[in-house]
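All chains are identified by letter, namely A, B, C, D, E, F, G and H, in their written order; residue positions are counted from 1 within each chain.
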Amino acid sequence: MNPDSIRKLFEQVRHGNLSPDGAVDRLRHLPFEDLGFAKLDHHRALRAGMPEVILAENKTPAQVAQIFSRLARHGGNVLATRASKEQYAAVKKKIKAAEYRELARAIVLKRDHNKYGKGVIAIVSAGTSDIPVAEEAVVTAEVMGNDVMHLYDIGVAGIHRLLAHSETLTRARVMIVCAGMEGALPSVVGGLVGVPVIAVPTSIGYGAAFKGVAALLGMMNSCASNVSVVNIDNGFGAGYVASLINRL
Amino acid sequence: MNPDSIRKLFEQVRHGNLSPDGAVDRLRHLPFEDLGFAKLDHHRALRAGMPEVILAENKTPAQVAQIFSRLARHGGNVLATRASKEQYAAVKKKIKAAEYRELARAIVLKRDHNKYGKGVIAIVSAGTSDIPVAEEAVVTAEVMGNDVMHLYDIGVAGIHRLLAHSETLTRARVMIVCAGMEGALPSVVGGLVGVPVIAVPTSIGYGAAFKGVAALLGMMNSCASNVSVVNIDNGFGAGYVASLINRL
Amino acid sequence: MNPDSIRKLFEQVRHGNLSPDGAVDRLRHLPFEDLGFAKLDHHRALRAGMPEVILAENKTPAQVAQIFSRLARHGGNVLATRASKEQYAAVKKKIKAAEYRELARAIVLKRDHNKYGKGVIAIVSAGTSDIPVAEEAVVTAEVMGNDVMHLYDIGVAGIHRLLAHSETLTRARVMIVCAGMEGALPSVVGGLVGVPVIAVPTSIGYGAAFKGVAALLGMMNSCASNVSVVNIDNGFGAGYVASLINRL
Amino acid sequence: MNPDSIRKLFEQVRHGNLSPDGAVDRLRHLPFEDLGFAKLDHHRALRAGMPEVILAENKTPAQVAQIFSRLARHGGNVLATRASKEQYAAVKKKIKAAEYRELARAIVLKRDHNKYGKGVIAIVSAGTSDIPVAEEAVVTAEVMGNDVMHLYDIGVAGIHRLLAHSETLTRARVMIVCAGMEGALPSVVGGLVGVPVIAVPTSIGYGAAFKGVAALLGMMNSCASNVSVVNIDNGFGAGYVASLINRL
Amino acid sequence: MNPDSIRKLFEQVRHGNLSPDGAVDRLRHLPFEDLGFAKLDHHRALRAGMPEVILAENKTPAQVAQIFSRLARHGGNVLATRASKEQYAAVKKKIKAAEYRELARAIVLKRDHNKYGKGVIAIVSAGTSDIPVAEEAVVTAEVMGNDVMHLYDIGVAGIHRLLAHSETLTRARVMIVCAGMEGALPSVVGGLVGVPVIAVPTSIGYGAAFKGVAALLGMMNSCASNVSVVNIDNGFGAGYVASLINRL
Amino acid sequence: MNPDSIRKLFEQVRHGNLSPDGAVDRLRHLPFEDLGFAKLDHHRALRAGMPEVILAENKTPAQVAQIFSRLARHGGNVLATRASKEQYAAVKKKIKAAEYRELARAIVLKRDHNKYGKGVIAIVSAGTSDIPVAEEAVVTAEVMGNDVMHLYDIGVAGIHRLLAHSETLTRARVMIVCAGMEGALPSVVGGLVGVPVIAVPTSIGYGAAFKGVAALLGMMNSCASNVSVVNIDNGFGAGYVASLINRL
Amino acid sequence: MNPDSIRKLFEQVRHGNLSPDGAVDRLRHLPFEDLGFAKLDHHRALRAGMPEVILAENKTPAQVAQIFSRLARHGGNVLATRASKEQYAAVKKKIKAAEYRELARAIVLKRDHNKYGKGVIAIVSAGTSDIPVAEEAVVTAEVMGNDVMHLYDIGVAGIHRLLAHSETLTRARVMIVCAGMEGALPSVVGGLVGVPVIAVPTSIGYGAAFKGVAALLGMMNSCASNVSVVNIDNGFGAGYVASLINRL
Amino acid sequence: MNPDSIRKLFEQVRHGNLSPDGAVDRLRHLPFEDLGFAKLDHHRALRAGMPEVILAENKTPAQVAQIFSRLARHGGNVLATRASKEQYAAVKKKIKAAEYRELARAIVLKRDHNKYGKGVIAIVSAGTSDIPVAEEAVVTAEVMGNDVMHLYDIGVAGIHRLLAHSETLTRARVMIVCAGMEGALPSVVGGLVGVPVIAVPTSIGYGAAFKGVAALLGMMNSCASNVSVVNIDNGFGAGYVASLINRL
């Protein structure tokens, strides 16, 4: 974080070893990163409590374990998403404190127990098959220091189940809604609450569900104005965005 | 409807002018329709009260007027869908009794005032822009002899508007739900009632609504089991199917 | 079904233990479901004979068995669709009376033998590969108390096979037509009968069949006005809608 | 907002004019909305400063003027999006204070000048053609009581233009990024800041841009974890979501 | 057609003015076309009676007239497809004998009245809106020297109309079937006849017809084995292929 | 083939046991098929030499063997496409004379050795991976009594390989061209020959080949007018259509 | 280009008015662009002869004229693509030397007449309708200082026309191939030459051409290894890339 | 390479054994390839150093080994892409010098160690999962005689990593950029350099990444003018095109 090369330049100028013009010229050829890094540093502070994240899918257990333990050296929380039990076993050998959240398919190392979120993040999932995606959001939000509330099995075709929870919903500071098939739940929830809703289409369904495309399109066209959308099955992204909002 | 040619064949056989084998041979070469028509006639009876229908779109006013007046000779109701004012003017000159239903863009000649439907058909439309499609369904169902009830502006993001009508909804014998954008309304309505719901995706929306495709996919994947779907903007088809159901 | 909490509220008011204003206030904070449930109850009656349904796909045998036996306690019929033999074995251990309908991949517990349907539901399937989807519709309709007739192997390219059954077709009160590939059969059948036709696109075919998309589009654009459509391979949905229609 | 009908019920019970059971029964048949509205009221408070909104597109000038003046009676801000000059002229006749924001194609009536947003919303647009969508977001956020900063013409192919503003970007509490064509800007911006980024794909581009689909897909797959997405050209939605976030 | 340059080469060799090796070398650098043209000439003979064809769409009347009159110099038939009345007027000024086939939007100059086709080409169109495409096929086949039979308004939902013509159909040596919407007609026709069927999807329909895509997919997946397909609205291509088949 | 029921009707009339009117009435209620079958018989004759065909895919070896042996009783050729070695083994046990064409994945029983095709069918395949599809066309055409010529590995990027065969190509009476990836070969071949070309897109390729969609679209838009197209990987269909053409 | 602010910093340090540490700190907060611009300058030199470019589409004549004249001040060449005659008229008033290339729909101001390209860029277009796109590439390449050769009307279905030019083709140092419909030409050309081929799909075609998608897919899947692709109708991009290659 | 048959023709003419006309006639019927090959030979010279290439995917180890050893006889470099370890083992047995590049899944036989490329090809990959595709490009470019530089893990969301390398990037003569998900990297890189950029979309990502389609569309619509694109995962094609460019 210490831009030594630039300071040296200034010192050479001060000592008259280098003219200002020569210094400008030298500056032009310095590797960009030094300064860039420094410059981009301002918002680093905002990143306190941010977990280091690995997308475990398509990596070998050995690779996941190696990356995980390297990231663990930074001292903060570490999260591996879409991780298998085999990958967890490999991580566990190196990092005893790592836990496996099976439903969410996530490996978690939680050392920073500060609460960064100011309120509750409510996560609603439409069907039982949507739960893993919702749980990925739950784990992400927890690792990022939030209080999380997960409401299960709230489908639009049984709207009274949702309404029964409306009191609860109004307590949330930000919401995540996971749904497959027609993906209508975020619109209904969005109409009931006055806070931002992050919609997560899931790949649940068959036939014309097209692995989440029907749900994605439904959510993009939500008639509720407080809905924004992340990628199909991207529980992590929803949890991440919701956590950033909850810190504000 | 009088299969003369076949009767003549039988008479020739009776009078010995033709052998049975020769008759079979001749029968083989008769135009199929005569017999076919007769055969297919059984369910004609079911068709009492069915309107003659013209898809006016892409036809000239003169063509619509000509077809309309030809169909009017059958004595039953006549319906022209997707019709313009110009087309109506041309029809009106030939058939004084024809009316124009502007909202539905339909020309109607109603002479058969029997009630064929046994109950009420409830038609729900999500937004104001969906009303023309819903009205096409209304007109179709009325022309086919049904009591129709149209509930306007019932969006999923304001679910209480729907719930306020739930008493009313339970009176319907069959329902039609028209919605564009995310097309979520049929799922919600379907979950509230125990009767068949005909869903009509409309081309209302922009961007990722893809002219009704998002709504169509949403409805195909409805988590309510009592929903079946017709083509985008096909208010006529929905009204037709609902009318057939309401006659049962 | 007894909204006790609300009655208690009224009793407190009658006994002067609670002022009307206080009661209104308390009502505001009651869980919504109680009232909602009561309200939504009107059409519950319509639901007599409706089976409890489980989508077995993507569930473990243990999960299916647990849910199945829990639903069986309600005393009505239970249906598990897209179920494997392994899932059936697990169910069978808990519920002796459960049967496996292999062709339809359905587990059935039938205890209510009432006939709720007023007429015959005719189910037509285009090719041998479409039979499992058709059989799912058959089982669903039977579990919901209908007389069902299944016509096999009726392709549009051999139209005489269909015409040979036209007498039979006219006896049906509602029809289900299952077809993959070009999905043309519902149009042809729809033209022959005067009753509602539920079309089910199947994922049968290869290449440009796109796992049922070609059939789905064909059916959405049917030139027969009495056709509405459910999701690809959704035999259950078709059977459910047809059963509701047949009760009217 | 005063649930009189319910209070009257309680009073009848108190005065012995109605038994608790009779009251429960009557409650069942009350229009749902009264109670529902009350119930849903909790988060109404959150809605202070929310504008009444009209989607002017596809409405006649007369219709827009009529709806606009009706909404204006509520006393709050009113916003009509996708509005033409003709529509504005019609509104202007009825509501003198209404202004036209031409770039954003918005009609605005601003009477509530409170600041509801706690920080600055930064809105970045990629090309000149994306400005109208960005301006719709600007107007929406302003009408909802936010400080807004709009950075123009920041394309990913000229990354230094973005970096030149990085100091500024870090001051934003929430960001909106509008881009057409490949829609890459939200990923780059997302990587530079630690706050939530609302991405708006625009329909700008040609050929394989597919009217915003390429940008939409790019944004859905953003490798920056703090990005969520709204519909193509939906500047209003982005402004709305960002405003909700900025109030937290 | 006279490959002079090559003959000269041989003559130079014969007269000793060029060595064989030198000749081979020179041959290498000759413009390819001379020889290629000669070589490709064998099947030219097959092309007797083939019309010269112009796709008039997107050309100015002047351009069409100029190309038309240049092609007319070859002495054979000339056909301009997708031509407007204005384009015809311009052609007519230069080529008095040119006729306009309005329904088919084709300009025709027919001078070769030989019959090249051995049998009858039957062209079936599903709805009135499909007639222009079918007529383009009719004109093409006629210009190429065939007897053509056009059956109008034969939809699959009224299968008896088709069956009534089955005698006629069996007289055809090759068939063309034009249909929009679900495009099911070629399958049905294909099942009734034993000759090749060229299917033409038309762009007729709305909503999920997707401008002919639904019909195209339906035809690609036809369960009749004797069906092959040309592009959407490509009546010319169908007429061309059918004509080639009818010459065999 | 003997319509006994109809003959009996005529005999009853001749013997005065039935009046002509009564006979017409009875005829109306006869099963349609009898007459239909007779009527449709005309083109049966055209079907001499047509193989009985089974799509073996998705059938068990036992099923294939059972259907194969049943069809074998008709005395003609039998063809099972997309058949595995296991299916062949099962067939072989019942029908000793059945052969397995491994490259084409086809089981063939050839007993009718007549030549029904008048000329040669040339089948061109673009890459080695396209050969199985081409071989399916080869086997189909052979089983239907044609002389077949298969040209391998003729890609458009090595156009000289194609030109080297141009002499040979001109000998064909009808052509089949199989190509995956960009599917350009039929256009090039179509431009070189004057006979009908049946194009078969194959699912060969990766990425934006989309399992044959790129090739299919390429072929649908061929700038050669003598090209028509069958489904992706449908070698059978191409061989069938080509055989019908070659019989003319 | 003179980073004054930085030089001043160094001078302050030299004069002892600022400590090196203070300077580093100040540097951190300088607008990034100053330095960034300098840094990114290295490859600016590579940009000599690069035209300033305006995408005129969707801009008013006044806007185009204003931007054009501002860019003209830089002293280099200026190019406006997709420009109308009206836009040209507006530009012409301000910049007398601007020319309009009608076929290419381009406004050109050419002042730098240096040849930057080392060889010839050959541009091949498939049909007459593809010429505008090809001409956009021609103009772009010319403005960037290249010798350009345009071969018209070279379709794959008339392969001899291409082969006739093969001698010419081999003289090109880089090639651009523009084609609509099936987009097969780049594969064929790619197979004939050993230089890089830039393929441009055009939106020419109808039906399943899908406005250039079929051509785009064809080109992405080219079996010629020397082909890369730009966006549909993007003649400018192809000319730009080819010019960069030709400078190497 | 020695067109003997043609020379013999010339010798017969010289010796008077054949008239020029007879020779022309005979020439017409010679296999085309002889001459074609000679003619196409001009650019053969350009092909020095071009590897012989096998697409190993979907071939058996035996097939790959056989083709590989046959191609190895030509004396140049041989490259098998998408090859498995099993395929390599089979090749290794026949060709001892063959190496396996595991990351790239390529089998390489490098015997020609000439440098054909004039500068450095820089290959940038966005994420770790994109490395195999990038490595295929690396291997291809090396086998074709280029100096290659591979920059790993340069994502757009961490733009400083890219900028840190900007000095290095400016040294490249041509660039390849591989990226999945939103595929934004080529636009950013393209904006930083003045040389041609070959973009390779990869199939990395999930949900709305659609196996590389999102990245492909992003790259097709790049706002950087120096970008052209190859097929999804086509590292080989990118390496090939870049090598051709680097030779110029």
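Keep this in mind: contacts are C-beta pairs under 8 Å (C-beta built on N, C-alpha and C of every residue); 3 or more make two chains touch, one makes a residue touch a chain.
Not measured: the values here are computed from a predicted model.
Engineer: In the touch network of chains, how many steps separate chain A from chain F on the shortest route?
Structural biologist: The least step count works out to 2.
Engineer: If you apply the touch rule, which chains end up adjacent to both chain C and chain E?
Structural biologist: Both chain C and chain E are touched by B, F, going by the contact rule given at the top.
Engineer: Of all chains present, which has the mean Cα position farthest from that of chain F?
Structural biologist: D
Engineer: If every chain is reduced to the average of its C-alpha atoms, which one ends up farthest from chain H?
Structural biologist: Ranked by distance of C-alpha centres from chain H, the top chain is B.
Engineer: Decide which interface, A-B or C-D, involves more C-beta pairs in contact, and give its chain pair.
Structural biologist: Output for the comparison: A-B.
Engineer: Express in whole angstrom the distance between the two chain centres, defined as the mean CA positions of chain B and chain F.
Structural biologist: Averaging C-alpha atoms per chain gives centres 40 Å apart.
Engineer: Counting in whole Å, what is the centre-to-centre distance of chain F and chain G, each centre being its mean C-alpha position?
Structural biologist: 50
Engineer: Averaging only over C-alpha atoms, locate the centres of chain G and chain H and give their separation in whole Å.
Structural biologist: Result: the chain centres lie 24 Å from each other.
Engineer: Could you tell me which residues belong to chain B and also touch two or more other chains?
Structural biologist: 32, 39-40, 163, 166-167, 192, 207-209, 213, 216, 220-221, 225, 231-232
Engineer: Throw together a list of every chain pair that touches.
Structural biologist: Inter-chain contacts occur between A-B, A-C, A-D, A-G, A-H, B-C, B-D, B-E, B-F, C-D, C-E, C-F, D-G, D-H, E-F, E-G, E-H, F-G, F-H, G-H.
Engineer: Using the touch definition from the top, list the residues of chain G that touch chain A in their complex.
Structural biologist: By the definition above, chain G touches chain A via 3, 6-7, 10-11, 13-14, 16, 19-21, 23-24, 27-28, 32, 35, 38-39, 41.
Engineer: Quick check on the complex: what are the chain D residues that touch chain H?
Structural biologist: It comes out as residues 126-127, 155-159, 163, 181-184, 187-188, 190-192, 205, 207-210, 213-215, 217-225.
Engineer: Which residues, counting only chain B, touch chain D once they are in their complex?
Structural biologist: That would be residues 128-129, 160-161, 163-167, 206-209 of chain B.
Engineer: Could you pull out which chain E residues touch chain G in their complex?
Structural biologist: Those in contact with chain G are residues 29, 31-33, 36-37, 40, 57-59, 201, 203, 211-213, 216, 231-234.
Engineer: For the complex, give me every residue of chain A touching chain D.
Structural biologist: So the residues of chain A touching chain D come out as 36, 39-40, 42-44, 46-47, 50, 53, 118-119, 166-167, 170, 173-174, 192-196, 198, 216, 220-221, 225-232, 236-238, 240-241, 244-246, 248.
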